[in-house]
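Below, each structure is written out as structure tokens.
Shared chain: subunit A. Partners: subunit B in the first complex, subunit C in the second.
Take a look at the complex of A and B:
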């Protein structure tokens, strides 16, 4: 057999296959490779999307045999005028804002500290990153224990530091605290992710840039604001994008922790949507709801990506 | 504006010895060129003076004061880095203005504008001022990097091979320009290069470094005419000095093993016979590549010489330099 690797690969192709493939143009072969994924994409993404849009104009209920009727924009009208929907949208917006706010702040600070050269910083990175690797269901479950007013470690720690009686408040049970309980857990779990991305950004800045700035007599403060922050900003924005999209569809963690309660104070849109679709079985209504959410996320994300590109070009 | 002196500076990185007790005095207003191959410790000296690195032992005295505890900013020097180190997210204009915006200086805005324009003019990058630093060619980046040093009036300029990426024409322009700026400001300059032409034309003093040791320090002519060793002699002069066995020629002093002959230090017309291997005509001068027995050497001759390949010429040394077995000069 010839020693040339290309020849070896060529002769390695079984004769039957070789015969079949021979005579195909490059383009045909390209389609052969791409085809299956396109079919799959159409079947599991594009078709359901179109079908959902179609259903959103009907009063279809998946648990009834009766045929669906087209009712125009009635579903949309009802959703957008429903105060409960607006409440869940608001809960989602608050949840998004505060989780991103804390995760960016703490994540960047951690990355900044970890990036300093000290002994054992690899070990610390691994330890910090651990929460991210757990299952959200597990995290939700054990935080319900931590939040227990009588036996929970969280309440105990709060009592230890502030002197507030640990059994006098319940993170999950109190209307004013429940939104914060999910923000805390999500921040605990996902700050490491933001940290990792920021760390990548910080590591991409060569030391020599800081040396030049040092010679140019820029103070540490000025170096931070005019060099570090602008150069990490694209990475930070990417982290915000990822976290934003992830948290917009937040479901498992919150369901496990608060179940949307107390009342409906932590009912995020995805939880609300799931109830409409699979508990109340208002399929048409839920479809319209899904379309509204889709357009919102899609719109926000594309505006954001434009901004991100602008920052990168700068 | 500033006098710098290095006293017994040593530095090593792990097992690698970068500098071994270097003593050097850079007089106020002088233009000191550090010469030596890669790894000789040139850049390390710059970094020590800048304050970016600290010596393992020894002192750096700037204007009579021990600089050990002074930050780079306090030392008030401007450095041109070999790898340019531009701020990649800023435009050329912003890069040039960056040092002027230091709160220590409080430069007014129109002053910044004027200085940036002036420096850009000198460095021939005015048309690129609004480009991003990453959108430049290597030579342009290097010029911005020089510009970032020139906008200020520091005590000391430190330049690490600042002209290495430029084409020949620009390099000779900037050589003159840098020298002019340095002389007119009376600035102290510490300059690292491989290029012996830069050393000869710009330097008031040349420091020759060999494996972290300063082997010779003095005016370029002195190093050219009175080198302490073969190593120092080989740093300056183009074509390179001819090194031959001392026994080839009569009248070698006691202990001389090798003889060093610069190409203009060879008389043609009498002495040993050598054959012409190649004639190199440069216009203002002509070089003969000769073979003397087993030895190759290069001789400067009359620009209009009639010699051609295969001719035999007679040569004898004029003002030869003798070196001992270790390559040290015998006077």
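Take a look at the complex of A and C:
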């Protein structure tokens, strides 16, 4: 017997099996390992997607016994010419823009502060990240109480600082305030997430770079704009991507808070889609709606990821 | 499909004629599904009698109201086997009947001598029949319910308030004789200081997400002249009925009531929020389904003599109220058809129905509600009887959700969000419903 360990293992393998394994090419072995994942991906993601696209050209209703009829592009035409759909798209776009704007702004500021060494740093970090550990449904529910004009803490705080009568305005009942009410809650809940990502970015910057800048007599302001911001930017963009995707499919929090109202002011596309699919049971119509949203998100995300990669390459 | 229908029919026939008039033959288990609310707890207690008589073990699946429709309709649509018996909402009857989710009970009723004439006619139409007005029964009326009003009788009887009200409106403060008077009363109490606390007029249904505002606004719409369509041909002729001048006036009335007579922040209120507002002494009037009345009567803060009850007041076009309540049906997928039929048979007995009402249920059986002494047995019984005599219900078509959701949206947009006019809201609703019926091939 050879003293080489690999030879010893090969000898220990039964002859029939050793022959079979030895007979597989590297590519075959790779397929062997990747195969189950691909099958799973096809079954769970690709097949439903193709099936959804197929259903989107029919008038199928999942709760009916009757067969579906192919109706061509009629579902797409109806969705794209429906003012309610555009209204929910607009509500979603506004929600996305403002939540990301505030979360990035506040999240980065918090991360910048937390990154400084001070006593109780870890405790404050833990306290700040608490909201994102809660269930969105629970958050939505208790914020409805906080927003109550008569008993809600939020209105009293506003009254305390501004003198506006707390019972004179309703955050979730007023058309002009309701969109802000969901932005505030989402920002409260998810700013810590952005903060954590920014914190990771800030802590990845070596101190030596700042020391070199100090030697070059660069001011703190200049260090911030020419070192900190560019080096954290890829992390920030990643946070924006995550929050963008998450908020595009926002559902539970808003349903608990406003139910999509008043009227349809806070009816986001996910709420609209859910109503079409699982309340009206217009499966074909909802499939077309889902395809439109998928193409939108996929297209925007692809453009964004390309931009992100360019920033990382710089 | 044919084979399964044949099997179901065979099972139904065998069960109908094989029970030998006794529930004692069934010895297995049954699952009854309903909403999670007080009457469901009463039904658990009542069903112990059935368990004792039949030996059948009862289990229950109760889902909170906000999720009840989603959960149970998904169960039916996916041909689930969770429920043997389902106390489903009245609006589901069309879809459940046409999609084969419920068992048709005519043969069973005939064989067992269960007559729909024994039940309040409106509940038979609302909870059991499909198509409406035809003698095809898919449920046994199980829980009679209707929208009505509670009011703070103790506040209404305060001499200083009575005098001030009479001086302002020229008539006595009391149970409103019309919707206009109801609005006067709500406005009178709005923002008023009572016992050092600011109170408001009325808690009304405004909820956006499920069916709340529709269940509320119809109480104004019906009484001002709204119709679901031409009674002779409802699917074909909606224009001029849904958006008639009367309907527009009714919708404007509801908005006016919301704007001037409801608590701030009540923009998304339904049953639970209205109960809370009333019991906490925030409002003088409360719109709600009658199922809450026993709980209000027993409440330590507002119960007893402090509360009065009345049916939805009339408007210019008559007096109607929104029907609530449910019938009990057998889910076609049940694997215990015999046991399910035995339960229905047991539940349809007069003495069981009487006990059901005593325990906190609301029987729709005429022998119970027309019994001497029933009207005076509880302070709310007369209002319940008055209300059940004037009920109207929303569409119960298989596509009811496609009709309900646009109504929620259009009405909420106008009443709560203040967008557009009442005429525009109802014109838009006509368009939505026309599209819905066209999708269904009904136009």
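Definition applied: the second predicted complex is superposed on the first by the 278 of 314 C-alpha atoms of A that agree within 3 Å, B and C clash if a C-alpha of one lies under 4 Å from a C-alpha of the other, contacts with A are read in each partner's own complex, and residues count from 1 in each chain.
Assume contacts are C-beta pairs under 8 Å (C-beta built on N, C-alpha and C of every residue); 3 or more make two chains touch, one makes a residue touch a chain.
Here the structure is a predicted model, which is why all the values come from computation and not from measurement.
**Q** Between subunit B and subunit C, whom does A:278 touch in the aligned arrangement: first, second, both, or neither?
**A** Second partner only.
**Q** Is A:261 touching the first partner subunit B, the second partner subunit C, both, or neither of them?
**A** The answer is second: A:261 touches subunit C but not subunit B.
**Q** Could you tell me if A:218 is touching subunit B, subunit C, both of them or neither one (first, second, both, neither)?
**A** In the superposed model, A:218 contacts subunit B only, not subunit C.
**Q** In the superposed arrangement, which partner chain does A:230 touch: subunit B (first), subunit C (second), both, or neither?
**A** In the superposition, A:230 touches subunit B alone.
**Q** Between subunit B and subunit C, pick out the one touching the greater number of residues of subunit A.
**A** Subunit A has more residues touched by C than by the other partner.
**Q** Mind working out whether A:208 is in touch with subunit B, subunit C, both or neither, as first, second, both or neither?
**A** The first partner, subunit B, only.
**Q** Looking at A:162 after the superposition, I want to know if it touches subunit B, subunit C, both of them or none. Which is it: first, second, both, neither?
**A** A:162: touches no partner chain.
**Q** Report, in rising order, the residues of subunit A that make contact with subunit B in one complex and with subunit C in the other.
**A** none
**Q** Over in the complex, which subunit B residues touch subunit A? Could you list them?
**A** 50-52, 71-73, 76-79, 81, 83, 85-89, 98-99, 102-105, 132, 148
**Q** In their complex, what parts of subunit C are in touch with subunit A?
**A** Per the touch definition, subunit C meets subunit A at residues 69-70, 73-74, 76-77, 95, 98-100, 198, 207-210, 263-268, 282, 398-399, 401-402, 405, 409, 412-414, 416-419, 439.
**Q** Where on subunit A does subunit B make contact in their complex?
**A** By the definition above, subunit A touches subunit B via 206, 208-209, 211-219, 222, 226-227, 230-231, 314.
**Q** Quick one: in the complex, what on subunit A touches subunit C?
**A** On the subunit A side, the touching residues are 59, 62-65, 84, 144, 147-150, 152, 167-170, 172-175, 255, 258-265, 267, 275, 278-282.
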